[in-house]
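My questions all concern the structure below.
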Amino acid sequence: MIIVMKPNAPQSSIDFIVKTITEKGLQTHISKGEEVTIIGVVGDKSRLSQQNLEIAPDVEKIVPVTETYKLANKKFHPEPSIIKAGNTEIGPNNLTIMAGPCAVESEAQLMKIAYAVKAAGANILRGGAYKPRTSPYAFQGLEEEGLRYMLNAKAETGLTTICEVTSLDAINAAVKYVDMIQIGARNMQNFYLLKEAGKSGLPVLLKRGFAATIDEWLNAAEYIIAEGNPNVVLCERGIRTFETATRNTLDLSAVPVMKEKTHLPIIVDPSHATGVRAYVAPLAKAAVAAGADGLMIEVHDNPAKALSDGPQSLTFEQFDTLTKELRPYAQLSGRIF
Amino acid sequence: MIIVMKPNAPQSSIDFIVKTITEKGLQTHISKGEEVTIIGVVGDKSRLSQQNLEIAPDVEKIVPVTETYKLANKKFHPEPSIIKAGNTEIGPNNLTIMAGPCAVESEAQLMKIAYAVKAAGANILRGGAYKPRTSPYAFQGLEEEGLRYMLNAKAETGLTTICEVTSLDAINAAVKYVDMIQIGARNMQNFYLLKEAGKSGLPVLLKRGFAATIDEWLNAAEYIIAEGNPNVVLCERGIRTFETATRNTLDLSAVPVMKEKTHLPIIVDPSHATGVRAYVAPLAKAAVAAGADGLMIEVHDNPAKALSDGPQSLTFEQFDTLTKELRPYAQLSGRIF
Amino acid sequence: MIIVMKPNAPQSSIDFIVKTITEKGLQTHISKGEEVTIIGVVGDKSRLSQQNLEIAPDVEKIVPVTETYKLANKKFHPEPSIIKAGNTEIGPNNLTIMAGPCAVESEAQLMKIAYAVKAAGANILRGGAYKPRTSPYAFQGLEEEGLRYMLNAKAETGLTTICEVTSLDAINAAVKYVDMIQIGARNMQNFYLLKEAGKSGLPVLLKRGFAATIDEWLNAAEYIIAEGNPNVVLCERGIRTFETATRNTLDLSAVPVMKEKTHLPIIVDPSHATGVRAYVAPLAKAAVAAGADGLMIEVHDNPAKALSDGPQSLTFEQFDTLTKELRPYAQLSGRIF
Amino acid sequence: MIIVMKPNAPQSSIDFIVKTITEKGLQTHISKGEEVTIIGVVGDKSRLSQQNLEIAPDVEKIVPVTETYKLANKKFHPEPSIIKAGNTEIGPNNLTIMAGPCAVESEAQLMKIAYAVKAAGANILRGGAYKPRTSPYAFQGLEEEGLRYMLNAKAETGLTTICEVTSLDAINAAVKYVDMIQIGARNMQNFYLLKEAGKSGLPVLLKRGFAATIDEWLNAAEYIIAEGNPNVVLCERGIRTFETATRNTLDLSAVPVMKEKTHLPIIVDPSHATGVRAYVAPLAKAAVAAGADGLMIEVHDNPAKALSDGPQSLTFEQFDTLTKELRPYAQLSGRIF
C-alpha cells in the first residue's frame, strides 16, 4: 500500500499517518519528493481496515499494490488448475465445449439437442432451468422439472451437465441433478449466492458481470473458493459498452489477462456476448486462438421457435460445422478436442 | 413492433412474416420503400414471444415501439405515485432525506448517528446490516443484530428506517424490524430477490445497477410491482463508465428521464456515486435542482474509523451544513423539507 | 512515481532499476514488503521518459503520483482564473450564459436569435459556422459567411460571440470576426488544432471529448496554455456510456472534480449532452447548483426547422422561462446573473 | 424511417406529420395499434432533413431504418474491396502485416527495424512522424524528417510504408514520401482532416475512435470516399470501457460486424488496444481467427528505450516468433501470408 500526500503536506500530517500505521504493527518508508511525499506501507494491511487513511489530513490518495484475492491469485498458485466436472476436465490440456439450449423447454427437445451436440463433439450439456429475464413477463424457466430433464439427458448421453442457479432453492435442487452450476452475469456480485455456491461442493462456472472489472470478477471467485470450493471456472460473456452493433462487447483480452492473474480456467461465451448467430463462429475461433480453455455455445433444434435467445442460437448443422472448424484451432493451441 | 426487412427481400420472405404474424391474430401494415420494406405489427405482441422473427429469412432487425414494463409506466399511470414508508411520504411534495452510516457497527454508534441526522432534518435512517462487499475478507455486516439496533433507533427517534437486503433470509428478518427495504445496485437484476421483495409487502428502494439502462431498471421495478407491491422508489447511484476521478458516474439525467417514463419517485445517492466526501454536497444540491424526490447520504460519527465507506461519509457537522444549504433548493423545487 | 516490483523479484532486478534511476540523477526509496517491493522515485521524472521501466525485468507496474499537466493545475495556481472574452468575464463571480443556434443559418435568423437571447439575459452568443457532422451529407455550416453574421450580430447587440473552429483556416477566419473560439468534443485531442488555438490568442472554450477522462481533458487544456494562451474555459457536454435514453451522459461530477484539480472555469452544455429539449432546463439548474461557472444552451427561433440539432433547441419562450428560473440558483451559488 | 407517435396522439398530430411528409414528395404508411400509431416513411429522406419531426406534436421517437453511409455500405457494393498500397494488396486474399516502431526516432533505428520486420514477413512498414500525445511535454515526432527516413527505408527494403497524419501540412508532406496515410483514433471525427485525406489520393488507414460506434466509424470512412478516394482500410484498435487491465478494450466483434456492413477491409491493432506486450500475440492470433484482413503491430529494436509506447512493442525476436505462429492461422482463414 502506498499513501500519496498532498503537496506541501505539513510534517504533522505525515507524522500522524506514520503513527497510525506503526501503532498497528506495520512499517512505513517515506520518500520525500519536491512536489509530493509518498509513504510506503509494509505489513499486514488488514490491520488498517478500519483506519480510512484516505480522509486523514493531507492525504491525496492511497494506491493498493497487492490484490485482495489470494486463493484465486496466480502469485500464490502458479500452476494452472484443472477443474473436474462430471467426467470432464476443464483446463490447459483440453478445449471444453459446453453447448445446448438457452432454456430447457421440454424433455424431448433437450434430448434431441443433447444427442446432436454430443455428436458434434460437445463435452458438456448446458440448459437453463432458472432463467433470469429482463422482463417479468418473459418465460422464466421450467425450474426443477428442467433439472430433471437434464439428469435424464446425462443418463442417456453420458454428457456432463451444467445449469444456471439463481437462488439457494435452485442450488439445493441443482445438487441433486447436475454436475456443475453456473452463476450468471447478473448475479456475479450476488455475494449471498456466491457463498452458497461455494458451500454446494459443485464446480462453479462464474460468468463475468456486464460491468465487472477483472479484479471484481476474481474477488467474486474468491468468495466461492473461500467457502472451501476451489472448483471455479471463469466465463467471459461480454461487457457493457456504448457499442450497440452487438448485444455486449466480447472482451477477449480478458483471456490473456486472466492467464496472467489467476490459475483458474477461463472459457468464452460468444453467443450471449454478441446476441447474433452470424458472429458466434468467428468469435469462437478467436477465443480459442486467444487461449481460452473452452467455449459455451447456444444450440437449438429450431432457433426460430426457441423460448429464449433464439436469434443467437446455432442450428445443429451450424454447430456441427463450427466444431469441425474449431478442431485445427484447438490443435494449434495444443489442446485435445 | 416494426420489422425491417433486408434490401431486396423477396416477396416470399415478406409473405412468411405476414403469415406468421396474422396466424397469431395480429395485424400487419407494410411500407415498401426503395431500399427496404418495413412491416408494422399491431396487436398483442406477447403472442409472438416464441416466434423469433429476428432470424426469419431476410429480416434485418426488429424495432420494439412499446415498453415491456406496464405497471411502472407513466403512460398507464400518469399521476406521480406517493410512496409511504413508516411515517414518511416519498413523492412530488417532499424532499426526503435518508441518512445514516454505510454499515451499522454498534447500537451506541447507530443511536448517536440517528439523533444527529434527525436533528439536521433527515426523515429516514439508513444503516446497512447485510453488506455486499467486493472482497470476502471485508466486513460483511452485523445481520439481524444490526436490524435490531435499527428498530431501537426508530423507537428512540421516531425516524423511519431502511435497510438493504441481500437474500430471502434478510428480507424475512427485515420485515420484523424496519419500515423499508433496499435492493442494492449489485442485486438490481437478482430477479429472485426482486420477487421476494415484492412479496414482502414492504416499500422497496430499488437502486440502479452499475450497468443498467433506464429500461432495465424499470423492468426490475416491474418485477416487484408485478408481485402486488406498488411501493417502489428508484435510486440513482452512479453508473460505470471509463472515468476514474469518481467511483462511478452519477447520471443526473436519469432524474428528468424517469419523470417522463414512470410515476415512481426517484431519489439520488451522491455518496456511493462519487465515493468522495467533497463531492457529496454539490451533487446533492444538483440532484434536488434536477427534480429528485429525495437524497440518500452517508453520515458517520467518525468517518476516519468507519468499517465501510468512511471516505465518502459526512461528519455530523458537514451533514448539518448540507441540510441547511439544501433548504432553499427544496423550496425552489416546491418541496417541503 | 512509484515502481511496484513483481513478488519475489530478485535483488538483481531491483538493483537494475535503482541503477537506471540514479544514473539519471534521481533518488530512490525502497520499501520491501513480504509480497512486494516498491520503489519510490524522487526527482525530475522527465529524465526517465526514455527508460520504459514498465518492461524492465520483474516490474509489475508503475504508478504515477504527479499530474502531467502543470499550467492547468490548481496545485501551482490555487486561485480560480477569470477568463475575459469580449466584454464578458467567465469565472467564480458570474454565471455566464452562452446561447444561440447550433448552426448559423442566415443573417436574419441569427440577428433574431441574438436579440432574443440577449433580452433573456445571455452574455455570449453562440452559433456554429463550421459544423462537425457525423454524416458527410448533413449540413456542414456557412463557414466564413457565418462568422461575418456573428460579427454583425455582435455589432448590433453588443453580445460577446463564440464560434467553433475545426481547422487552421477556421481559426484564421475566426480571429477576424469573433471574441472566443470553441474546440468541439470530437477535436479535443486534435493536438494540432489545440496548438493553433493556443497561438491564436483568443480565449478558448474546450469541450470535453466523448471518451476523455478528466486527466486527458486537462492535458488538452495544457496544450493550449503551453502555447502562451492561458485563457481556457472547460465545457462538460456529456460522455459516452451504455445508456441510450439521452444522447450522452452528462457528467455533472466533473464540475466539483474540476474545481479541485484546476483553476480554469468550467461551464456545462446540457443541450448537446442530452439531445432532448425537455431535459435541458432541469440539468441547467443542476449544473448551476453543482457549481458550474456558466451554461451553453441551444436556442432557435423555430426549432422544428433548424438545420442542425433542432430537437434539443429551446424556443425563445422556453429560454426566457429558463433564465428566469435560473436566477435564484445563481444567487444561491453567489454568482451575478 | 419510422415515426412512432405518443399513445393517444390525436388525429390532428398524425395528420400534421403526414402532411409535412407528403408535401416533400414522400409517402407514408400508417399502422394504428392499440397503444401507439406508427408511420412508415417511404422516399428520399434527405428532403426531410430540415423538418425535425422529432419535436412535432405527439411524436415519441423516430427510428431510422437505412444507414446514412452509402459508398462504404456493403448493400450497394457487395463484393469485398481490395485496397492497393505501394506493392501491397489489402483484402480478403491476404493477411497484411503492418509493423514498425510507434515513433520514428532516427534513420538508423528505422532502417534496422525495417529490415527486421521484412525478414519476419511484414508487408508494410509503419512508423509515426507526427505523434499525437496526451501530454504536450511528451515527444511529438520528427515530422517531415521522419517521413524522409520512411522513404529511404522503402527504397532500401522495398516495403510499402504508412505514416499517421494529423494536419493538412502532414498530409502534404506524406504525399511526397509514403504509400499510405493513417488517420488516428483521436482524429477519427476530425472531419476536416478526413476530407483532406480523401483529396490526397493516397490510400487511408482509418483507425476507430476510442468512443466511436461502428456506425460513426463507417460514416467517417464515407467522408473520405465521398471526396473521390475509395481506398479506405479500417483498423480496430480498442474502445474505451470501464476495464483498466488493458489500455483499451479490443472489440474483435467489430471484425465480423464490419464484414456484414461494409466492403472495406478491416485490420486489427492489438498493440495500442492492450498497451501490454504480453497480450499482443494471443490477440493477434484471435484477430486473424475472427477474420481480420491484417494486423498492425509495434516492433522496436530496443523497447526499453523507445521514445513512445515501448511497453507494448515487440522485440525483433518476439515479432519473428509471432509471424511464424500466425502462418497456420492465416492458412486456416484462406489467406496468403
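First chain written, first letter: the chains are A, B, C and D, and each begins at residue 1.
The working rule: contacts are C-beta pairs under 8 Å (C-beta built on N, C-alpha and C of every residue); 3 or more make two chains touch, one makes a residue touch a chain.
Chain-to-protein mapping (UniProt): A, B, C, D = 3-deoxy-D-arabinoheptulosonate-7-phosphate synthase.
The shown structure was predicted, so the numbers you read here are calculated from the model rather than taken from an experiment.
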{"item": "Intersection of contact partners for chain C and chain D", "value": "A, B"}
{"item": "Longest centre-to-centre distance from chain D, chain (CA-based)", "value": "B"}
{"item": "Result of counting contacting C-beta pairs for A-C and B-C, higher pair", "value": "B-C"}
{"item": "Chain B against chain A, contact positions shared by both copies (same if over half, else different)", "value": "same"}
{"item": "Distance from chain C to chain A - Cα centre to Cα centre, in angstrom", "value": "38"}
{"item": "CA centroid of chain A to CA centroid of chain B, Å", "value": "26"}
{"item": "Inter-centroid spacing, chain C versus chain B (mean Cα positions, whole Å)", "value": "31"}
{"item": "Shared-contact residues (touching 2 or more other chains) in chain A", "value": "211, 240-242, 244"}
{"item": "Overall pattern in which the protein chains touch one another (line/ring/star/complete/other)", "value": "complete"}
{"item": "Touch list for chain C against partner chain D, complex", "value": "46, 49-52, 54-56, 68-69, 130, 132-140, 166-168, 170, 186-187, 189-193, 195, 209-211, 216, 219, 222-223, 226, 239-240, 277, 303-307, 310-311"}
{"item": "Touching residues (chain side chain C, partner chain B) in the complex", "value": "211, 213-215, 239, 241-246, 249-257, 260-261, 273-274, 278-279, 282-283, 285-291, 328-329, 332"}
{"item": "Interface residues, chain C side, partner chain A - complex", "value": "2, 4, 7, 27-36, 38, 40-43, 60, 63, 65-66, 75, 240-242, 244"}
